[in-house]
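Two complexes are shown next, each including subunit A; its partner changes from subunit B in the first to subunit C in the second.
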Partner chain A sequence: MAKKDKKVAVVAAAPPLAPTKATKSLLAEFSQSISTSYKMYQKDLSENQKLRLIDAFLAFLVALGVLQFIFCVLVGNFPFNAFLGGFCSTVGQFVLTVSLRLQTLDVKGEIFGSITPERALGDYILASLMLHFVLFHFIN
Partner chain B sequence: MRLSLVLALIFNLAALVFAGPAVKGATLVIYDPKLSKLSDYDNFVKSLDDVKAVEIGSSDIALFINGIRMFENLVILPSKVRSISPHVGVKELVEYVNDGGNLFGVTSSAGAQLDLEKFLGEVGIYTNAKFKLFDHFNEDSTKEGSVLIKDPEFQNKIVVPSSVDQISYSGSAALLSNSEYLIPILKAPKTSYTYNAAIGPVGSDSVWTSGDQGYLIVSFQALNNARVTWLGDDNLIKDSKYDNLAKDLVSWTFQYRGVIKSVSTSHENVVTGLESYKVKDFAKYEIEISQWSSEENTWVPFEADDVQVEFIMLDPYQRVNANVTSSDEEKTLFTAVFQIPDQHGMFTFSVDYKRPGLSFIDEKIVVPVRHLANDEYPRSWEITNSWVYLTSAVAVIIVWFAFVTVFIFSGKAPLVEDGKKKN
Partner chain C sequence: MFVSYQDNGQVVISAGKLRAIKLILTIGIFVSISFAAVSSRLFSVIRFESIIHEFDPWFNFRATKYLVNNSYYDFLNWFDDKTWYPLGRVTGGTLYPGLMVTSSVIHGMLKACGLPIDIRNICVLLAPAFSSLTALAMFLLTMEVTNSSEAIVSRKTKLSSAFLSAIFMGITPGYISRSVAGSYDNEAIAITILMVTFYLWVKSVKLGSVFYSALTSVFYFYMVSAWGGYVFITNLIPLHVFVLLLMGRFDYKIYTSYTTWYILGTLMSMQIPFVGFLPIRSNDHMSSLGVFGLLQLVLLANYFKYTLSPEKYSRLMILFGVLVTALGVAALFTATKLGLIAPWTGRFYSLWDTSYAKIHIPIIASVSEHQPTPWSAFFFDLNFLIWLFPVGVWFCFQELTNEAIFIIIYSVLASYFAGVMVRLMLTLAPVVCVCGAITVGKLFDNYLTFKEFLSEQADESEKPSESKAKSTKTNWVNFISKALVSVSFIFYLFFYVYHCTWVTSNAYSSPSVVLASRNPDGSQLLIDDYREAYYWLRMNTAEDAKVMSWWDYGYQIGGMADRTTFVDNNTWNNTHIATVGKAMSVDERKAEVIMRRLGVDYILVIFGGLIGYSGDDINKFLWMVRISEGIWPEEVNERTYFTDRGEYRVDDGATDAMKNSLMYKLSFYRFGDVFGTNDAMDRVRNQRLSSSYARSIHLDTVEEVFTSENWIVRLYKLKPEDNLGRDLITVGENERKAAGKKSKRLSSKKPNLDVRV
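What follows is the complex of A and B.
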């Protein structure tokens, strides 16, 4: 979700460049918009330490979730509650972290104008603690 | 009034406790002097206990007086008289057996009492004295119209343990219903058939049985353990040649033999010793069974290897053999140990021991089986598979903590710079 939003923003910013390459096919246009987005993202990453940090954490959660899913598929889902607990902890943490990413990086205050970065971080920590509290009970 | 009631109750209970088997009571013999004198049956009558012989049709005959059954055993000998007595008809005979009375009914080609035949029809023994058994391959040369059955095979060794060299049979054969409470004793020979002696073997209408679909001696044991035996030829009880056979039939029918009872049943949880169970527990079920021995006039241990215990909720989830674990001078203890299924609900321990020739035992105990309590399941960390998920959950927390720490101290600077740039 977050990445898509980012892309939309980038594409929206793209039109000034478009007229010079009007003859190009749709496919080329599409690949170019992707590479432009990627470059913009790379630039954002190099400029913003928090973005780097958040995205690295998200990548870690995805990797861990996929690993558990593969293990479950291969070995069987016997302690199913444990699998659900472990898997949901990565998914839930992913969702919460993406929320943090949206709120923290909403610099212009367009969407979350009323929420300060401190408030966002506080919400995030509280929600994460609750998530893990519940999940550890669920894992039993 | 109340005191007398209580006393009566205590007296009844005492009577129950001290009662032997139901063989001590009187035997009523109903005979027809126009067909055979009672002295013809001397052999037979002498073998009975406490006999009261009455001519058929006598108004003295009453099976019940004030609703109380007057006889334990009833013998009805061949007769041409339509009605046993003004007080006794088919209905009374059914009542009598329903109340636990035993009946030994004999018909012959000379005559079959109509009420007795009707009663046998109710039980599932369809006999008709007008039809006579013939076997042109095995005729008894010494006695006209008799069928010679060599080396007869008695179908139930509990009812008739003794053997007879040969039987000269002159009488009818019965068709049987498929009632599972019937105990066929003697089959008609394969080459025999039954036809209406008055009409002759003219067509299928005049044939009652053909081949070994006919039966010559049939017993029946009702669910209340009352016993009935039908015999198609009174020579078998008249003639001293067949003494052993007659004695076997009578002693079985009148509950001297083949009488067993369950003395006690108990069950317990093998681990806790309590009578409460949860799924997958092990249960021990015990039943004590005695057998009546008329020779010793006492209860003796019952020997068998086919006593089965079932654990039922609609269907039997377990059906196991109960083994003999001990026996004293009166009873045998059968024990079965089995695992409760992985299914909670109301279950029934059931011993439904029904063997042809033995009294029926039907013991049922209903018990609840509970499911596991929520703290009786293994914890996650006891299952190695879940270590993967536990590790991952812990890893998420650790990395999350590190992330938050670094996030806080990563400072505003880049963010502010970034914001400035974009602005």
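What follows is the complex of A and C.
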């Protein structure tokens, strides 16, 4: 979720147009809508223990990924395999965890009919193992 | 035994028994489909023998033998110094190892079972074996496509549609052309994997299951390891997702399945040495990365959608969308400019502009399978399916499920590509089979049911008599129309089988290493010149002898004669090929310099003029000229090989450039001798060389060492340099002059001798 907030911040700061009345009101509207979403998200978070756990992990992964990227830009990407492996592991784990989040939150089975949360966790573990096996091979 | 009759005449079968019957039937049908698929591919083995076909398979076969005899790591690090002399080729890093690994694993497994089968037989029979698996994958894919929607095919006929698609795929010539026994090429297993990947993908989108998309990525990895055509999947799946997004079909299932597939599949594909960092570097792969990023944004947007009012949401999204698109396009451009992403490759351009290759890259254009497809080929390869295909696509439009959209996109893309290149007919064939099967299934659903007539006849006795006459009349019309349609389609099905068998046996079962011909009395005559010559090379030349030939024969020389070659079908180094092309197209004096520099020992040319074999080097000669002209435009000029009237002549009227070129001389040297005092006749080009002219073709720097039975393969040896340091051509000219005087004297004596005898 941290990643999402960051992107929105970029959007809100982006329009470089002259600060006419229209754009100002647009900006205000955006910041308002974002704050509503954010509040709603906070509410969700406080209600659900699982969600907090998963989102903390996601935030950690994003931080790790960003850190690696900055390191790569500053120091250089010499063992390119290693950088790519490290970076991909965060991205890969991120999307897998988001998938898990989507699947576990869908308790009623409205979207993922046949996939129970237990099944989702099993799939998640399998896919993560595959991911890290490949990465282990990739890093050399 | 299975059935019991009730008093009112109804037949009752218990559910358990019914299921058992169904299972037996299903298995039986599958066994027979596999049997049909495999046996129709065995024509070549029965007619000829268990032999590897054509050109590329010979390399695959050689690589497989290397893998079986050495370890896997040796295979990956294999540096092949027997090809591309003197450069060599990093073979382990420049091939798709999937095919070789598959057959060596099968070889190992059979050996472990106590069945030590020769690796050659495994290679020959690999393609037929995989074709039956393809039929199974097609069955599953069609089931998956038709499963969710009643509109496409009703429940009743779902199963028969799936079976039909399996058998269509099993015997369609479009697929058989690349998978007959002996055609040991990457496509032989790639099509199977392609279909399995698509099946798993469709399934994972339907369920949103991480498990299935992880499985998809495993098969995607297998596909990447097996065939360069994996790029088709890399672009088709993102396109499918993208279209779904545009249609407003986004849901979490798409997110989970696509992102899992992408991240796992991409990482796995980078394990193949030949692919390496391509997935993050080349433009061909950027669409999948872009869709991956887009999905993250869409997921975020989706979250906003739940929290915000629709009006605010749409305005936020518009700004958001514009910004992201601008950023994305800018990033792509700068990255391409900065060289972070490789620019598009020539093969890619030739997909969009069919004349691109002809102008810019003659080496791609010179391959016959890269030519645009003629119209007749569609009917030839797919028979009646080609006109059922649009109908099937139309049925997919009836209910646009995610799977149906996949089939539609696949069919649009594949039909375009199949129109551009002959070889891509292979990727079109599966989707045509699915659509054709859906159509036939639907048709039989409506027309091949005669249940109502049977039941109505039973009811008729109870009906009042005045409506009876009318109803029987309409009944009859109904019955006849149904019967007509059913019978004609059954005839078409029958004809399809007949056509496929005919095409397979006549067009696609020739190994092209051994040629078949007919004697005047109708019996079969096998022309085995290639193997004769390659065997001669293997037995009579030094082990490190270097053989120069046009690149088409590089793999065969490596595989059958086991001698070093200069260029082969890998075509990775255009300049090297152009050098060989130049040596063939310039005169003997210049050619000698090039050949000495390259280190040539033997020269191999294919000549079909004597028996009328049209795939010979003189017919390919213009490509050699064109390719070398691309590098040395001032020394080689295509125009000079045509006469003033623009004819391509090889007889007395040929141009000087033609007559002096090494290739021409190598082909026609001593050709006149065969015909005695008659004019020599080139049977391929239907031109007549006058006897005196044919006899005057001479060679000074090379000597003929071998010519096969039907003159198809001619081998020459480059003479060693003269001991006295003289120029070989001057020596030859002097000798000819002296011989000319001698023969005059001889010929004046000859009549006397004849008189005495």
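One rule holds in what follows: the second predicted complex is superposed on the first by the 106 of 140 C-alpha atoms of A that agree within 3 Å, B and C clash if a C-alpha of one lies under 4 Å from a C-alpha of the other, contacts with A are read in each partner's own complex, and residues count from 1 in each chain.
Criterion: a contact is a pair of C-beta atoms (placed from the backbone, for glycine too) under 8 Å apart; a residue touches a chain by one contact, two chains touch by 3 or more.
Quick caveat: nothing in here was measured; it's all calculated off a predicted structure.
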* Is A:37 contacted by the first partner subunit B, the second partner subunit C, both or neither? -> second
* To do: Kindly classify A:76 by the partners it touches after superposition: subunit B alone (first), subunit C alone (second), both, or neither?
  => first
* Asked: Should A:112 be classified as contacting the first partner (subunit B), the second (subunit C), both, or neither?
  -> second
* To do: Have a look at where A:90 lands relative to subunit B and subunit C in the superposition and call it first, second, both or neither.
  => first
* For A:29, select first, second, both or neither according to whether it touches subunit B, subunit C, the two together, or no partner. => second
* Using the superposition on chain A described above, determine whether A:48 touches subunit B (first), subunit C (second), both, or neither. => first
* With the two structures laid over each other on chain A, which partner does A:135 touch: subunit B (first), subunit C (second), both, or neither? -> both
* Asked: Looking at the overlay, what does A:126 touch: subunit B (first), subunit C (second), both, or neither?
  -> second
* To do: Using the superposition on A, tell me which residues of subunit A are in contact with subunit B and, in the other complex, with subunit C.
  => 124, 135
* **subunit B to subunit A touching residues, read off their complex** => 377, 379-380, 383, 385-386, 388-390, 392-393, 395-397, 399-400, 403-404, 406-408, 410-411, 414-415, 417-419, 421-422
* **In the complex with subunit A, residue positions of subunit C that touch it** => 207-211, 214, 218, 251-253, 255-256, 259-260, 263-264, 266-268, 270-271, 277, 280, 296-297, 299-300, 303-304, 307-308, 312-313, 315-316, 319-320, 323
* Structure fact -> So, in the complex, the side of subunit A touching subunit B is made of residues 44, 47-50, 53-54, 57, 60-61, 64, 67-68, 71, 75-76, 78-79, 81-83, 85-87, 89-90, 93, 97, 104, 107-108, 117, 121, 124-125, 128, 132, 135-136, 139-140
* Would you mind writing out the residues of subunit A in touch with subunit C in their complex? => 3-4, 7-8, 11, 14-15, 26, 29-30, 33, 36-37, 40-41, 80, 84, 88, 91-92, 95-96, 98-100, 102-103, 106, 111-115, 120, 122-124, 126-127, 130-131, 134-135, 137-138
